[in-house]
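A, B, C and D are the chain letters, set down in written order, and residue numbers restart from 1 in every chain.
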Amino acid sequence: MPDKNNCAPRPPMGWNSWDCYGAAVNEEQLLGNAEYMRDYLKDYGWEYVVCDIQWSEPTAVGYAYNNFAQLYMDEYSRLIPSPERFPSSADGKGFKPIADKIHAMGLKFGIHIMRGIPRQAVHRNTAIKCEGVTARDIAQQYSICPWNTDMYGIEYGRKGAQEYYDSIFQLYASWDVDYVKVDDIANTEHFPNNPYSAAKEIEMIRKAIDNCGREMVLSLSPGPAPVANAGHLCRNANMWRMTGDFWDRWDALKKMFYKCDEWYAWRAPGCWPDCDMLPLGRIQLTETDPKYKDRVTRFTKDEQKTMMALWCLFRSPLMIGAEMRLNDEFTLSLLTNRDLLDYNRFGEGAVPVRFNDKEAIWAGKDADGNTVVGLFNISEEEKEITVSLADLGLLAKKVYEATDLFTKEKSVLGADVTAVLAPHACCVLRIQ
Amino acid sequence: MPDKNNCAPRPPMGWNSWDCYGAAVNEEQLLGNAEYMRDYLKDYGWEYVVCDIQWSEPTAVGYAYNNFAQLYMDEYSRLIPSPERFPSSADGKGFKPIADKIHAMGLKFGIHIMRGIPRQAVHRNTAIKCEGVTARDIAQQYSICPWNTDMYGIEYGRKGAQEYYDSIFQLYASWDVDYVKVDDIANTEHFPNNPYSAAKEIEMIRKAIDNCGREMVLSLSPGPAPVANAGHLCRNANMWRMTGDFWDRWDALKKMFYKCDEWYAWRAPGCWPDCDMLPLGRIQLTETDPKYKDRVTRFTKDEQKTMMALWCLFRSPLMIGAEMRLNDEFTLSLLTNRDLLDYNRFGEGAVPVRFNDKEAIWAGKDADGNTVVGLFNISEEEKEITVSLADLGLLAKKVYEATDLFTKEKSVLGADVTAVLAPHACCVLRIQ
Amino acid sequence: MPDKNNCAPRPPMGWNSWDCYGAAVNEEQLLGNAEYMRDYLKDYGWEYVVCDIQWSEPTAVGYAYNNFAQLYMDEYSRLIPSPERFPSSADGKGFKPIADKIHAMGLKFGIHIMRGIPRQAVHRNTAIKCEGVTARDIAQQYSICPWNTDMYGIEYGRKGAQEYYDSIFQLYASWDVDYVKVDDIANTEHFPNNPYSAAKEIEMIRKAIDNCGREMVLSLSPGPAPVANAGHLCRNANMWRMTGDFWDRWDALKKMFYKCDEWYAWRAPGCWPDCDMLPLGRIQLTETDPKYKDRVTRFTKDEQKTMMALWCLFRSPLMIGAEMRLNDEFTLSLLTNRDLLDYNRFGEGAVPVRFNDKEAIWAGKDADGNTVVGLFNISEEEKEITVSLADLGLLAKKVYEATDLFTKEKSVLGADVTAVLAPHACCVLRIQ
Amino acid sequence: MPDKNNCAPRPPMGWNSWDCYGAAVNEEQLLGNAEYMRDYLKDYGWEYVVCDIQWSEPTAVGYAYNNFAQLYMDEYSRLIPSPERFPSSADGKGFKPIADKIHAMGLKFGIHIMRGIPRQAVHRNTAIKCEGVTARDIAQQYSICPWNTDMYGIEYGRKGAQEYYDSIFQLYASWDVDYVKVDDIANTEHFPNNPYSAAKEIEMIRKAIDNCGREMVLSLSPGPAPVANAGHLCRNANMWRMTGDFWDRWDALKKMFYKCDEWYAWRAPGCWPDCDMLPLGRIQLTETDPKYKDRVTRFTKDEQKTMMALWCLFRSPLMIGAEMRLNDEFTLSLLTNRDLLDYNRFGEGAVPVRFNDKEAIWAGKDADGNTVVGLFNISEEEKEITVSLADLGLLAKKVYEATDLFTKEKSVLGADVTAVLAPHACCVLRIQ
């Protein structure tokens, strides 16, 4: 059995189409963002280009789904790209032409799927790639997603269940997919009392990837993944969401500090609790609700820095949400902060030295053995945050130099690390 | 607006096909039991013959459903009887021929439906009887039943929603249906946190019956109906289940005493909390699981009497579960105990004078103003149960005569009513 | 056994000290309000004067309790009045002198108690009126109230448990108490998983009253009493709270419509679901928190009428919360609306003919057989509310005259009863 | 601030009096077991001798508490040992003489406390070591333990709160205590809806230890500690219970596999999730309930090995429950299995390579870099368990020798590690 950790020794970094294009991304947008990544970001470690949900749905418009919409499907009940939106996929080529182009840029290609088998396959009772079995036979009849009508879950143990999952990953392998984000699977407690759990579907998917002959990062959504399942997630997936969908709201960002505190011990090569995508820059371009439509992130600059600093110190996977081609200078500066990104890639996962509802202090060692410390004011008032060198495990007697990883300014430290911070602001220092 | 209480001034009494034939009852069985009722039971107040679930499903066999099975449906997405099972329904006649025969016997005819619209209609996106609207438009995409795959719920407020319900009750009115048992509706708390409630569907159905031009008893299943909804149920339905499916097990029978204690104040003409069907005699004839298959009720004679006594003193609707043509003498004797049945029909609903986990005493007045009292030993040991005449609201000084409603024996009472009862046994006395 | 329903054939009406004096009421205030009741209200049915919580606590000030404060207690671990606050109680006279004065006014006297035995008795291990048993022996060690430190619950079945409750009700009988409000007992689900229930304490108190030789109304607080316990409450108490403490806030008043809809079937002579006290006029005179201190009710006039109308149509017990001696004219007019109060006393409990989150219609018959209907606009917008005479069970053809029970204006009705109502307003009509 | 992790670089190992003596252990038993440890176990790493609950209670007998019993207490409301049970503690010497003797044996001494302040201090309102403050002022009036009546919780933020905790740890420091097991603190969700949390009490205790001038291991009980609090526990304590009290029952042992899977990532020097005491050998000697009284562990030999293997591979703290002086040979052999104990002390915490409800495989590296693997059959049937060398991260091509850590037998491995195991049995191999 191949080692599933090999493909994600570091937290995966890339771009995902959801935050800017919802369910409606198309080939031009995918490739345009890939080119931007190649030109501006690849050198900093960014590499995945991920096509999010509903690429089989020809009529998808924005962020709301068309219930019961007709999806493109092959003769084995496998969803395939809509040629209206992905012209190169026509004639059975699937995502292979797009993957080829992205690979040619030196980047990697990912797709989103929903767990299960299309409801349309079940109600039409179409064939699957397993003799004598049809879609109806493997569908878990009461396992539906609470926010999307495309699929039924698959019942573990039924003849054809593993075979169906095998068949879809064979298809993805034939397309040269590098990364699969599986949705409606990390938190499936939809039914009270006798909740259906997707644990067995996670295991079937793990096995299907192991069987398919190609390494693929396995990312599970949406959260909150139950922390009691952490061991199971570590054994089967490469990354999983700690929360529900993350958007540009302070309460969600503050809550992420709590989730990082719950999960930090579980980070390991190949195993990455996921803070979710970065809603930076220009987002929700296809949104139809005027309240949210095509906006610049609602996060202040301080909040954006706080987000980048927490994600990087925590070593979360990093997935850009912006339409990158519309990045302003500040957004780009955050995505090319080499010090922070290198910490994310090569540092030892920082730990919360102090944490309460007013402040958080995370500290760890970078690849060179220097201590990096982040001071976060998560209160609503300006606040001085101080921590002693001793509490960071440093010798109190020595003289240390500190570099601010955002401003690059240097300073000499006394016995304490201290910063006066505006509400929602942070300061990240490398101590040498 | 017609008064929905008119059609059920007393607790409905009849026979229902579920306990003996599951999802697979057919025309011969319906009519055969109707004839039995006409010949042996009608004179005691029994009148409804109810065809339970899945009469549109040609391949139904026993008590398990064939997931995603093809159902018979008309051009307006309305389910119609399977002619394989109900030959007289062919050529668009529906249940009218059967209803006619049952009416000719001086009895009434009822059917079972699931709330909602067939999933097959939604996925095929067929027409409904409302211009410009199709099945997909009115389906509540996440509202499914947790034990049967036939339907999606209907979303209140959508164009066509009320019209669909109107259209099915017009159909039933054209068949001369007298009683409709709507399923998956009295307890729909399937989703945690943000539970979908079927309250609006109950209201649409109420309105559809009021609109259809024919009185029909509205029965809601399955329970437990939340007691906090009691007011809403009283305003909209005629009967509703207090528990999940009731079968022939002592723990379920004992639990019914608790439910009756929770609900007794809610009985009123036209409003009947329902103890569920009576699993007496020969039941589960079509069951395929050998553990349950074609058996005589597991209830002892004492337990059967306890069930009949509680149901009648409580004034629950009474629906026989047996294949009546196979009744033995004892079963028939229970179904023709005129004293008890008359109490059910004409008495004042009894109330629990005493109730704890060992004993229950229910008392009320019959149509002649005589006190009727039931003493129930619900413990696991023989027990003497005593209650004073004063606690029954009777004058301690007077001499009363008591008649046992099972044995018909008479006795003269002292100051107390008392009985030594075996575990699970009861004694019901009329005091004159 | 005496019939516990005898003492409350109608919903009890009176005054309670909590809303105006909190834990700190004194003898002068009790008697002063009693005199007011005698002079202005007795003729309308008002009769109980109830001394609320902590009359044993000499240092009580306002609405917050002094944790672990020393309480006055007799040699049998029974709490007795603090002579600092109730001077006539000195020398072992207890509440007898006050009760005598109130009885002399033609009124009745009530007191508040907490279930259980004083914690101070348990920790000092003092005697109780049961040979060989001390306070420690009967205390349920983990049963504490979540908002007051005075007591431990009493463990049913322990030697001395019933005897202790008997002993306190003997004391109250010797004081000629007519009404006991027992607190921390109607909703005691403090502990998760294995919740302690006070059901057995309710039964012990019932028995203690039955044993004490004097009729007393038994009132249980605080709510929400679980509706599943309704049968038990009916068998043991005379009134019980449907909600937590009710204060002068619209959301609480609106919520009461939901609770009345949950409970209305349970009203019966001797059994009264309780909407809680009426926070009218001048209240919270002893409150120390400036936010709430000594204010006129925050309810608008429309809201006050809505409250009075709902309480009376529902037939709730009525307990005035105001310092009545400071009543203004409007407040007094509400408390002397003979039509409404007579409905409360002599009418048939009205039922909700219609109820949703925008409007409520309650209707019933008064003692003369006239229909009384209340139309309530519980939305935030002006609203026309209409109901047909037929839906009120009246003949559509007849000509009816309606009297507004607030304005006393008369009108002639057509086929419908209709009113245009401001938000939170109501209209109550008697139809002749 | 001292580094709280210093005192527990490895999982603490020792003996605790609860499993054999309940609430009633005495000086002779403590010292007798200490001598046994010195003579037979010290050489294997065992070092702590811990006196469990209620050492202030003179009348304690077995495992049930005497509710509201009088406890020994000093002038500052601090509990002190009962001289009836610990004679050397008389005259204000406290546990110092016992600690001295245990230290003289080369061992360490621990005590148990309940969080909070004695209820008797609060009800007597005695002094604490903080001017102007008394016991009543700092008690959290509604924070009680659900299974013991001794204490009230302490309210963070009140004047005297931190001072009280400081004062008790000063006392323990003066006694030379090395280890404190604080009870009723790791899981305090007693109240629904608005649960009281002991998090602030944990922080006060942490600070009190840091202030007291002596290193002490901080152990928190009982579990289940909520896994969402893991970060907080790591920052404040040295060990904490993952479950409720663990006794010699298979279901509890099987459940521990699930808990270990939930918690394994959180092990770190100074931070040890705790599987609880080892109920081996002769236990419950003072139990008065004949069902449990003075018995040999109910665990089979296979189960005892499974328990030892899981605890050691997981690197749980190890606390012996037996009256060690009555150990039989088998029990002693488990407590002196140097290979397993060395893994517990010096290995890298193993991780679950596979885990489902039938089998568990844990693997890690010992101090010499050898892979150690445990195969556990947690099903009810004999079972062959197999794992490939590759899945253990070993080269498939090499030839490895395996040593069974229970039998010491050696074997040569092929491509797989495999064992046929009886139900509940395990096999632990060191692979070289």
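Heads up, the rule we're going with is that a residue touches a chain if its C-beta (ideal position, glycine included) is under 8 Å from a C-beta of that chain, and two chains touch if they have at least 3 such contacts.
Please read these numbers as outputs of a predicted model, since none were measured by experiment.
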Set of chains adjacent to chain A and to chain D: none
Computed distance of Cα centres, chain D from chain C, in Å: 51
Averaged-CA centre spacing for the pair chain C and chain A, given as whole angstrom: 57
Centre distance in Å when chain B and chain C are each reduced to the mean of their C-alpha atoms: 39
Set of chain B residues in contact with two or more other chains: none
Contacting chain pairs - touch in the sense defined above: A-B, A-D, B-C, C-D
Partner chain B, residues of chain A touching it in the complex: 67-68, 119-120, 122-125, 136, 139, 141-142, 144, 146-147, 149, 189-192
Contact footprint of chain C on chain B as seen in their complex: 1, 227-228, 230-232, 234-235, 261-262, 264-266, 268, 352-355, 388, 390-391, 393
